[in-house]
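The data blocks that follow each hold one structure.
What follows is a pair of complexes built around chain A, which joins chain B in one and chain C in the other.
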Partner chain A sequence: MAQLETQLDGVGSAPAGLPPAETLAPPRLRGGLRALDDSRFFPIFLLTPILIFFLVWNVIPLLWLLGLSFYRYKLTSSRAEKYVGFENFRDIYESSALWGTLGRTLTFMVTTVGLATVLGVGLGLLFWGSTRMPGRRLALTMLFTPMVLPPIAVGTFYRLIYDPTFGVANYYADRIFGRTFDFLGDKDLAFPAVIAVDVWMWTPFMILMTLAALGSVPKAELEAAEVDRLPWSKRLRYIVLPHGKFILMLGILLRTIDAFKTTDLVYLMTNGGPGKQTETVGLNLYRTGFEAFQMGDASSLAVVTLLIAVAFTSIYLYVLNFRESRAQAQTGAGA
Partner chain B sequence: MTTRTPDRSQDEDQARAHAALLRDAVVGRVSRRDLVKRGAALGLGASAIAGMLLNYGAAKTAAQGTSPLAGQTFDMKILGIEGWPPSQLGVDLATELFAPFAQQTLGYTVNFSFEGAPFDQLFQRAATSLQSQSNEYNIIISDSQWIGALAARNWILPLNPIIEQNPELSIEFEPTARAGYQVYPDGSDQLWGFPQEGDTIALFVRQDLFSQQAERDAFQAANGFALPQTFEEWEQIDIDQYAQICAFFTRPDQNLFGMSTQWSKVYDYITCYLYPFMFSTGGEVWDPATGQVEGILNTETNAAAMEKNKSFLQYAPSGATNHGIPELVDVFTSGSIATCLQWSALGPQMMNQQAGAEPGTVADPARPVTPDGVLIVPPPGFRQADGTLRRTYTLGGQPWVINAYNTPEQTQVAIDFMKFWYLPETQAEFAARGGNPCTIEALAAPGFEEQQPHFRAYKYMIQNERSRDFWHSPSYAEMLLAQQEAFSAYVTDVVTDPMQALTYAACTQQQILFDSEESEIEPSDACADATL
Partner chain C sequence: MATSWRQHLYHLLLWLIALAFFAPVLWIFLGAFKTAGQLVSWPPRWVTFSPTFDNIREVFARENFWSYFRMSFVLSIGSVLIALVVSFLAAYCFSRYKPTGTNFLMFLLLSVRMVPAPAVVVPVFLMYTAFGWARTFTGMLLFYVMFSIPFSLWILKGFLDGVSLRYDETALVNGGSRLHVIFRVVLPQVKPGLVAAAIFNLIFVWNEFLFNYVLGGEATMIPVLLAVGVNSGGSVDWSFIASLSLIYTLPPIIAIFLFQKYLLVGMTFGTVRGEV
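Right, the complex of A and B next:
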């Protein structure tokens, strides 16, 4: 008991070598500031700057965009903008060309995200299991390089790499197949050529997400699995995936949204051509707004694009939460 | 073929001395006698010196009178085309010559700066700035087809009242240039732009190849007519003979091809180089008076013209459907093609000639094409039913336009600059540096055709309606976008029927014009199925 009292006595005093407790305490606020600190409005006060920023740079432009989508407004026309109701949206609905572009964008999105995920997860697992590999850190740094390059640089590089006259790709194509290919000018090759570049560029991101997901798996469980001599497939299914799936899904979600709005890479590599063979929704939007200057049409397309992106996000989050809640429900029922 | 070694410092010194002499002449700081002496010492041609002398008085006259802006300083920004030498030339002359001219004769200081945007982004840059009523860009080097959009929004100053108040600006331009760079709406007297740089399509020929006796003999034996060697001989070449020439030089095993031209989907590239096939064979693209496109663009004549244009792809290197302006410069100067249809304004670049240096100076010795191995001639003609040859090619080039949101002082500086720009001395200097002038006087100057290797072809093509512009419409951008897609789809085999591509373009354009109330004609029911 005496020992306990001694310990309690020491709680309020500073350990040896440190200044007294009163000097470590936060400085006392003066009257007005103290009142503000205690006020329930204080969190709002702290959030105000970012809320203003968000309002000015996000909410107002978004509302402006929404409003503009109901007008026929051309930047190059001398006529005043005209309210047309849902006509712009009806035009989108009735445009077979735009549906074609949308379909192409979805194909692009599914293919690039799918391939990057498969490759990323595979390479991520290999790196995860090769901690003793010499030069691992350097290899990882090199591997992440494509991801940090700006798309404008990647697009330009690959235009040159794919060039039919002096491109490296055609040098090897000539040596292997005995002929060259017009990768970006051929109607059948241009789309796969762009997809390949996007996969090259974003696979490292999925490797990164995979490594992050694997890092979140508790070591104790992995060691237990090793002791139990669980095969790799079961370790992945029962230990790695349940712990890492949220991070992995987050990576897939981010990539899906990003792939859906791909513009710059396609613009630089093919400008949407040949014909419209590589045109994505993002590029169509850019061209409608900033090449044809049809601001009303571009705004309505932007609204539709936004809704699609929101829908994707919602579906992913729903799937993730649904499985989570089902797992919790099962755990609860078991208990 | 000899390759001259460039002595850059010497050339630069000479260019500087030339500019200084011109500056002194313009501001009247040198006597006529000294002008002749110094001009001769610099090795200037008699025609250049005579031009300076002839117009010596005019410069002083223009300089007379005190400007109300005297004593003030102005910063003027020109928006032009990035990487396009003629745009840069305008700014160089503004900085090197107009600034001292303004200082000494008008009494104010002016500092020019340049901002550039690529062809396909120039209007976007200008429009977004002008839409916010900004005077960020005081003078804009616009592409000719944009005049309609710029004028319709009153973003640029109408020039008729300015010319009325400043009779020096009532300049006689080549009619093609006036119609292309100045007038909107078409056929009216309303002027909106001053020609900055004229441009036409020319044919660049690897004369080092064509002049080889073995090639000439082989060609004669194979085709039954002689390989053209001179400007006059090329003048007689029709498109079918040109195809034979291209076929003769297409040797993939030697990495040599007959020709290339602009087939790229970017901006207006394929349109500008496909239209000549339509215009020269009697095709039209729209009726500017009624805004009718459907039934005018999608005709059998134009479909045949498209087929003809596409047939030349067999003589072009792989990847030619992505060839635009810079790609052509590269592919021609690297020796991969024997001929090239390209804008004449790129004469020095196509010849691998160092810009601003003495004609003949090689820019890149590593490239096989050198200035003395290139001949610049008129593009091929199209044989008409009566046996005559017709050339109606697309007009290139750009006008200057003046921002309507300038302050009155900035507008005055811009007007002063325009007066200076069209002084005969300035035009002579512009031409001496490789720019294509548009004034009747400059084009008729003695020795003009010999002054630059591309001038003869340029003059030939800009005169006698051999070149024409298209679509001075505020809806230009939208119409172009649809058409580029359609034409690109056809040359890349996305669609194989030229009529399908033409019908898609015509229907889309008709809808655009109808929606924008520029035409009362609605697309027909047949357009419901028009697709690419």
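Right, the complex of A and C next:
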């Protein structure tokens, strides 16, 4: 009973900050915990779970991948894997189809990120003064909905919307152009149609990042500009841009990485077709591994993709650290 | 007076933009309440249809729907909870002890999440098949734990770095144990970080498709049902697809309505803070 009381005491005073902790653990346990606590193994104890996950789900698969990328191995054939050295990589390098896919993915990334950025920054600026808008929370939820939707659901939506016979997009196309289109089946239209969906999905993200960038601009400087009656173009150039550009840059980089990853969306909308018009790197990889079952080829392709992704991540973190060190330097100078 | 009019017009414009972005989603959601004929009618019916709940009822009546639905819930909640515990402990260690290699490990973990999904599916598939983990519930659950760890770690590390070391020191001086410091002193202060990490990883796991498609087996979730329904060949049962999409996409939408202030932190893995 007494013990329970001291425990309750401990719980009661916990939010206030710093209760005498001995009261929390029963005496028997205390010895063990103390030993663990003071030991220099304590940090390792904290890290053990994540290291296990890292080892089993990252390191082992990575080694597996690296190993298999030097083999010819087809999942469906009974022949044992055969060591071929760098042949898979040479195949990748020499295959024109693959360079085509890579080029297409690059075009996809540049177009969709570019369009989403232009649209997002424009609309973000428009939403800048929206704090007193009635029903803002609901409106923003509707605005930001596309980016939290499952890509697979978005693909489904647009299969219905783009449908050549009864799709709602075709109804409006008919009203405007006087004819219907097979958006996802036509070899000239499929790629732009997929890009349009991706831009729709990710423009809200760029709006979000623009709003964040605008939020990072110090109020005092804006007020000073207001007092000085600085024209809007100059306010954007001399006040908003210098403060906001880092967050915007991070947004663009994240979008670029994400666009490079695009797989689910295209898989459901066109499955890379017609022909290979909309096949991205991710989809190509999936089809090599799980439709052609060429695991060796898929592995070496995955290694190349991995290196590209690591490069992207390094750039992202470089910009992030650059921003943080600059912010520290500024606050340091201020203090 | 004139400014007030302009204000109203401005707000109306913003609402119209928001509605324009929502329109395609709304179209599908409306489709869930139409009969098969009305869904594919030409010209499209935005309002002129008599709402029916038959489609939704039919989805609920399908036997396998509930198993997929339950699996979606159990897998996302279970894996995110485990991931949060694992990454909180690690984030505390990284933030306070700063062991050698902290930055490198954080970088590696983030990189893995930046790779196109199939490049990760291939090796994990090979490993799972060799170990006999493919198509099992545990295999899928633990995979999603790994899937959620990088972003949780990044978000929590960011928040923990913002909690002053003074708290730890004061608690230790007053005789608190390390575990007491971690769970009673520091943990309550990073609650927003925990919420953001939980919500966004829940959404990401909920939305995930490819791993589940390849490795799911007994732990298959709703997206696979959706993809198979659309790609089945022949005529697609659009009423079913629309109703299923409605049920499936509503949770993320409700989540960003309720937790809007965490949107920025969540979508940038804690690298950018602030509210919108």
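Convention: the second predicted complex is superposed on the first by the 268 of 335 C-alpha atoms of A that agree within 3 Å, B and C clash if a C-alpha of one lies under 4 Å from a C-alpha of the other, contacts with A are read in each partner's own complex, and residues count from 1 in each chain.
Definition applied: contacts are C-beta pairs under 8 Å (C-beta built on N, C-alpha and C of every residue); 3 or more make two chains touch, one makes a residue touch a chain.
Keep in mind the model is a prediction, meaning the values are calculated, not measured.
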Task: Could you say whether A:131 touches chain B, chain C, both of them, or neither, answering first, second, both or neither?
output: neither
Chain B versus chain C as contact partner of A:302, first or second or both or neither: second
Message: One more residue to check, A:290. First (chain B), second (chain C), both or neither?
response: both
- line: Of chain B and chain C, the partner touching more residues of chain A is C
Field: chain B versus chain C as contact partner of A:233, first or second or both or neither
entry: neither
Query: Where does A:72 make contact in the superposed view: on chain B (first), on chain C (second), on both, or on neither?
result: first
Message: After the superposition on A, what does A:209 contact: first (chain B), second (chain C), both or neither?
response: second
Query: Once the shared chain is lined up, is A:254 touching chain B (first), chain C (second), both, or neither of them?
result: second
Statement: Interface residues of chain A shared by chain B and chain C, listed 163, 165, 271, 290
- request: Under the touch definition given earlier, write down the residues of chain A that touch chain C in their complex.
  value: 14-15, 17-22, 24-25, 30, 33-34, 37, 42-43, 46-47, 49-50, 53-54, 57-58, 60-62, 64-65, 68, 123, 126-127, 129-130, 132-135, 137-153, 155-161, 163, 165-166, 168, 171, 200, 203-205, 208-209, 211-212, 215-216, 247, 250-251, 254, 257, 260-264, 267-268, 271, 280-283, 285-286, 289-290, 295, 298-299, 301-302, 305-306, 309-310, 312-314, 316-317, 320
- request: Could you pull out which chain C residues touch chain A in their complex?
  value: 7, 10-11, 13-15, 17-19, 21-22, 24-25, 27-28, 31, 40-44, 85-87, 89-90, 92-93, 97, 99, 105, 107-112, 114-127, 142-143, 145-146, 149, 153, 167, 170-171, 174-180, 184-185, 188, 203, 206-210, 214, 223, 226-227, 230-231, 236, 238, 241-242, 245, 248-249, 252-253, 255-257, 260, 263-264, 267-268, 271-272, 274-276
- prompt: For chain B, which residues count as touching chain A in their complex?
  reply: 120, 124, 127, 131, 149, 152-154, 264-266, 317-322, 331, 334, 336, 474-478, 481, 485, 488-489, 491-495, 515-517, 531-532
Query: Which residues of chain A touch chain B in their complex?
result: 72, 74-79, 96-97, 163-165, 180-182, 184-187, 271-277, 287, 290-294
